[in-house]
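Read the structure below first, then the notes.
Read from first to last, the chains carry the letters A, B, C and D; within each, the first residue is number 1.
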Amino acid sequence: LFGSAHAADMTVGFSQIGSESGWRAAETTLTKQQAEKRGIDLKFADAQQKQENQIKAVRSFIAQGVDAILIAPVVATGWDEVLTEAKDAKIPVILLDRTVDAPKDLYMTAVTSDLVHEGNVAGKWLVDTVAGKPCNVVELQGTTGSSPAIDRKKGFEQALKGHDNLKIVRSQTGDFTRTKGKEVMESFLKAEGGGKNICALYAHNDDMAVGAIQAIKEAGLKPGKDILVVSIDAVPDIFQAMAAGEANATVELTPNMAGPAFDALAAYKKDGTMPPKWIQTESKLYTQKDDPKAVYEQKKGLGY
Amino acid sequence: MPASAVLSATGIVKTFPGARALDGVDFELRRGEVHALLGENGAGKSTLIKCLTGAYRRDGGRVELDGAPIDPRDPLDAQKLGIGTVYQEVNLLPNLSVAENLYLGRQPRRFGFVAPREMNRRARALLSAYEMDIDVTAALSSYSVAVQQVIAIARAVDLSGKVLILDEPTASLDAQEVRMLFRIVRDLQARGLGIVFITHFFEQVYAISNRITVLRNGRLVGTRETESLPRKDLVTMMLGHELHAAEQAGETKAESSGPVRYAFHGLGKAGRVKPFDLEIRQGEVVGMAGLLGSGRTETAELLFGVETADSGTAECEGRRLSLSSPRAAIAQGFGFCPEDRKVDGIIGDLSVRENIALALQARRGWMRPLSRKEQDALADRYIKALDIRTTDREKPIRLLSGGNQQKAILARWLATNPDFLILDEPTRGIDVGAHAEIIRLIESLCAQGMSLLVISSELDELVAYSSRVIVLRDREHVAELVGGDVSTENIVEAIAGQERRRAS
Amino acid sequence: MNAKTLPLIATLVIFIAAFAICTLQYPTMLSTRVIGNLLTDNAFLGIAAVGMTFVILSGGIDLSIGSVIAFTSVFLAVMLEGTSIHPLLAFVLALAITTAFGALMGAIIHFLEMPPFIVTLAGMFLARGMAFVLSIDSIPIRHPFYATLKSAYWVMPGGGRLTLIGGAMLLVFLAGIIIAQRTRFGTNVYALGGGAHTAALMGVPVGRTTIGIYALSGFVAGLSGIAYSLYTSAGYSLATVGVELDAIAAVVIGGTLLTGGAGFVGGTLIGVLIQGLIQTYITFDGTLSSWWTKILIGGLLFAFILLQKGILSLSSGRRRLTMKGA
Amino acid sequence: MSGAKALGRRLLPQCVALAAILILIWFNFPGFFAIEMQNGRLYGSLIDVMNRGAPVALLAVGMTLVIATRGIDLSVGAVMAICGAVAAASSVRGDPLAVTLVMSLGIGLLCGLWNGVLVAILNIQPIVATLVLMVAGRGIAQLITEGAILTFNDPGLIFIGSGSLFGLPMPVVLWLVFGIAVALIIRRTALGLLIEATGVNRRAATLSGIQAPAFLIMAYVLSGLCAALAGLIVTADIRGADANNAGLWLELDAILAVVVGGNSLLGGRFSIIASLIGAMIIQAVNTGILLSGFPPEFNLIIKAAIIVLILLIQSPRLSHLAAFVRPAGPAAPAQGKSVAGGASAGDARDIKKLERTAS
């Protein structure tokens, strides 16, 4: 019925978590672009943020007999059974974006960044920037219980360890959203003497940071100067804020996880080369020095 | 003689916020007697039996069963003690099957599981004693109010080991069913049960009861032997004064001389009512008689646009009318007081005032609200005119006694000042005083030029005010009695037809 | 034929027709593998939906089940990874907690006369909150007993698997049908749905029944939590968000009236399968974007409801005609 | 007059609950009531409560009417997302503000109309009917934004979210004006009565000549409009349409607000003002949790506990018990040797039983 224009020599199933953020949308867009570029017939399944839907999708992929499966797992645990089924059906599985708590022989490789490391990079930047001055940090966490929230918090705390001048005074969840980021920041500002006691904000993603920046401005303070802002993801909007001097740093999480995955897959199909178990993407730190305006222009068309 | 008392209550007190419904009422029921409990609407009859059966917790007083004090906490308790009750409105579950309604909570079981076949068999056997041969597995809601009433009675009778309480069981029954009910009651009486019987029909009181207890405004007026209490005295006991001019049967009958105002030709709906012709003159009362399920309510619903007719025409003084919905009918000056007041009539949570003002407001549209003052005046006028017993007009209508709810709905339609009013069983559950009141009202209404179509199972009443009576049988208009022909005997004859066949 | 079973039959007809259409488009869909997946993947939803059916039949609603499932899975994971008790004992403990939790909600609904919607909404917050407090991390369960349970499946001809949890769901449905149709408790549930006041006047023990219903729902949600933990071998406090809405939709698609008093447990099974079918169809198609997936799910939900209404009104029209003939 | 007094009595429990919550927060956080003027607008935690509570307050207005008709509207969160997305898309395209607003509000009306038709004409049960749009609506919103956060710079649109009028943040002005206006219209016309009648007994209302379908549709349309306004506010607030998260699960908060406002989920009698207070109670709880500094794992437990507490305080059962402890009025059980000690409590129960089940 829908014969692809390209002679699709390979059918790949992709189980995506959902479309809960701009970053996620960009990842989906890029994955589709990459597949199209390589003439791969991509079967896309959106799980609406539910693991059970992802498992269902993977099972249907197996039932359809696809050539390979990409999974962006919503959570680390609970994959053993369905991965075993895929293995039994001799379908290679590649994990995107996060790893899982399963025996390593159940998947071919994982293309991910290191979430703890991201938090660490952000923390290090802050430690270096304040350079020993006392600093009260407020933290906007991701969705309670989600692995980025847990790991980015862990990494950041690790980086701060041993630097007693930095103290996390408040930490609340902003659910990874702008609205909540703004609302929670407002309450932080009220709770910490109108913001006078806050020297830096660490947000688990850029969206919350963007919301928080607005809250800071509305409170009559200058984000980026009165309160340092560091966050993770490197979505276009944060570069705009950085260009305006309202944000200080962000750690990139590349949405192009599918590219390396497809490359690995192609190599494997060609001559059976097994890729390494973990293909780590770079967690690049962007600061004001990296010409945020240009980065913004370059990122803006990627479907963020 | 306390020895033969099966159920006795002393000093029962029940207070609702703002009203004392029962004030130290004594009541004694003997073994093997039928005890009529009488009183005006709102006198506290239903409240008394609800206190006896644990549906309400009483605030004071003592209840004894076979000499031992009891305090049922809920109807289930009372059932276990051998007290079976039919509450005033049909209180069965419409979504359950007939058999399930009959055996709720005491279904026959096999190996711990309900045995539906056995239950259905028993249900059929039980109902056959009431000459009812219906599908007991069908949902209760698929039967008419009357059938439901019989089922409720059958259930209560089956439950009552010692006492049977019937709160207006005959309100929606016709003469034949009433006779059948009485046969069963006498049977139970012979077996030594005590039976409490609440009704507003005096004939029935005198036909079956041994003793009478009268309540008025929540107080006991007295208990008498039925034989030694003439009707007139009974009325006086109930009302607290004599009833004047109420018995005067319709000599004032409107001469059906006014011009024909409404003409319906071939109106009908497949599966509901066979096509019929009907003409209504200005200022006349047309009665409608028939057995249960003969299609009277359906006819009324067709006329009022509740059901849309699939054949026929309606005209008003030569003008074609569209009766596509109640709203359309109301716009033509129609009004309809439905038979099932609980489901079709009252808006339970709203106040008496709002219930009375509702139809008028609906006709005016939402943009032109009746001011609060107008509503108050309207409500007060009808509360007074129809003698609606309520502590104040802001009381939610569901807290009113059954008869008073009926009057409030009548008031709702009178307030719209309709040209053509359809009343389906308007006097159901209404006490003697109010009954007389309403009949007088009907007469005065048509004297003012309003036309009425009255459906009633009380043939005497129909005869009293109707200038014409339409008789229905098996969903068909079979006869029309006019003028001098309007008499109870003629109606009965027409209903029976040649083959004296009952609704299947 | 009984008027009451009509919605049930309508739903079944729609399901079979839908499956046939799917198969025409994707022939591989008619395989025991897909059918086995349909049972396994929807097991936890199906089990929970049985409890939801009872609640809805009684005229109530239970919004807490998704959270209770998540709580159960976290509880099991914490117990099995943190202590050395046997899974079976942990199961019993978990079921005891969730049943008591349901009973408590039922008691509040009955004794304090608060609307079920709100009480169970608070229950939903509370259960998830407790899961968070137990652990915000997702915890894998590595107990060997789990592996044993998961390897207990029956390979159907054609390679599909009927897993333990899939089978368990069918058993729970069977039990639910028997309880609803063949016990006094079941009839009392329908009675409450027909009108609590009337039911009370007819001698139905309203309090006991209400508490029983929510306790049952809690128990079944606990079972569903166990199934979920078997399904994923893990406990995760963010799992099964919004499952209550899926369950409600399954119950309603299955022909049960949300106002209570009418419907069948068996219908819910078909409702669950229809939802599973929609999901499977979407993955087989595999061209839909995230948003079109949502729109299509909503659209198909709507189509099913409409179809059901259509079939019902058509056949009720016919019934009226036959009544006239009689 | 008696009307005002009755309103006061009706609102008393909600006001008490709100005051109690505010005082509780104040104990935890002494600066809570501090309000100052900053950049020409009032600034303080109390203002935050009113400002952040705006979406739920607006939703509660429509939800109150829908619930009064014995319905429920689960789709409001999704409609917020759609309308926000429409506004953002139109603004990005460069439409003038008026066009943007009309389009966004118009789409909200349409969504409401859709729900209303499903419920009133097709007779689909409200929960399922609105579930359809709840599921599909977010998809539609994402279709418009293509999954990304659609940011815009139109100062006019932004003003709706973070501007201020008379020193009050715009959202506060909007919900106050809109809520009170709707409440007034409803009570100054016969709408309130007719809607209540429809909600309590639709059949009897129809027989009395009320166009029940029209009023049902109207309620859902108004709910759609409220959702559109709320969607505009949250979108304008963050200067971008976040289709996936705008209004997510807000329908539950709105229903909660209506119930905390003392309105029955079974339809009938309603008070919009009470729902607005209910919305403020809920937002006060949320803000209080944020200000408390507890770790976020406890957010839900605290919220659940407080909700249960508030509803318990409002529970008619308990208030009747309280009335028994402090007997007053004509209903006091005076004379007669009372048999059962708790007779009056039982009495309250009877009535409540009847109230709950009257249908």
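Convention: a residue touches a chain if its C-beta (ideal position, glycine included) is under 8 Å from a C-beta of that chain, and two chains touch if they have at least 3 such contacts.
Note that the coordinates shown come from a computational prediction; the quantities given were computed from them, not determined experimentally.
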Chain separated most widely from chain A, comparing mean CA positions: B
Distance from chain C to chain A - Cα centre to Cα centre, in angstrom: 34
Centre-to-centre distance between chain D and chain C (centres being mean Cα positions), rounded to whole Å: 29
Where chain A and chain D are represented by their mean Cα positions, the distance between them in whole Å: 35
Centroid distance [mean C-alpha coordinates] between chain C and chain B, Å: 44
Where chain D touches two or more other chains, by residue: 142, 146-147, 297, 299, 354, 358-359
Sequence positions of chain A contacting 2 or more other chains: 18-19, 25, 28, 144
Multi-partner residues of chain C (each touching 2 or more other chains): 132, 136, 195, 198, 200, 289-291, 293-294
Set of all touching chain pairs, with the criterion as stated earlier: A-C, A-D, B-C, B-D, C-D
Chain A contact footprint on chain C (complex, rising order): 25-26, 28-29, 31, 33-34, 37, 40-41, 44-45, 132, 136-140, 150, 228, 231-242, 276, 279-280, 282-284, 286-291, 293-294
Partner chain B, residues of chain C touching it in the complex: 2-4, 178, 181-184, 186-188, 190-191, 193-195, 198-205, 261-262, 320-321, 323-324, 326
Chain B to chain D touching residues, read off their complex: 11, 13-18, 24, 55-62, 71, 304, 306, 325-327, 330, 336, 338, 343-350, 354, 357-359, 361-370, 372, 398-399, 412
Chain C contact footprint on chain A (complex, rising order): 1-2, 13, 16, 18-19, 25, 28, 42-46, 48-53, 55-57, 59-65, 75-81, 101, 143-147, 150
Residues of chain D defined as touching chain A within the complex: 29, 31, 38-39, 43-45, 48, 52, 142, 146-149, 151, 162, 234, 237-240, 242, 244-246, 287, 290-291, 293, 295-297, 299
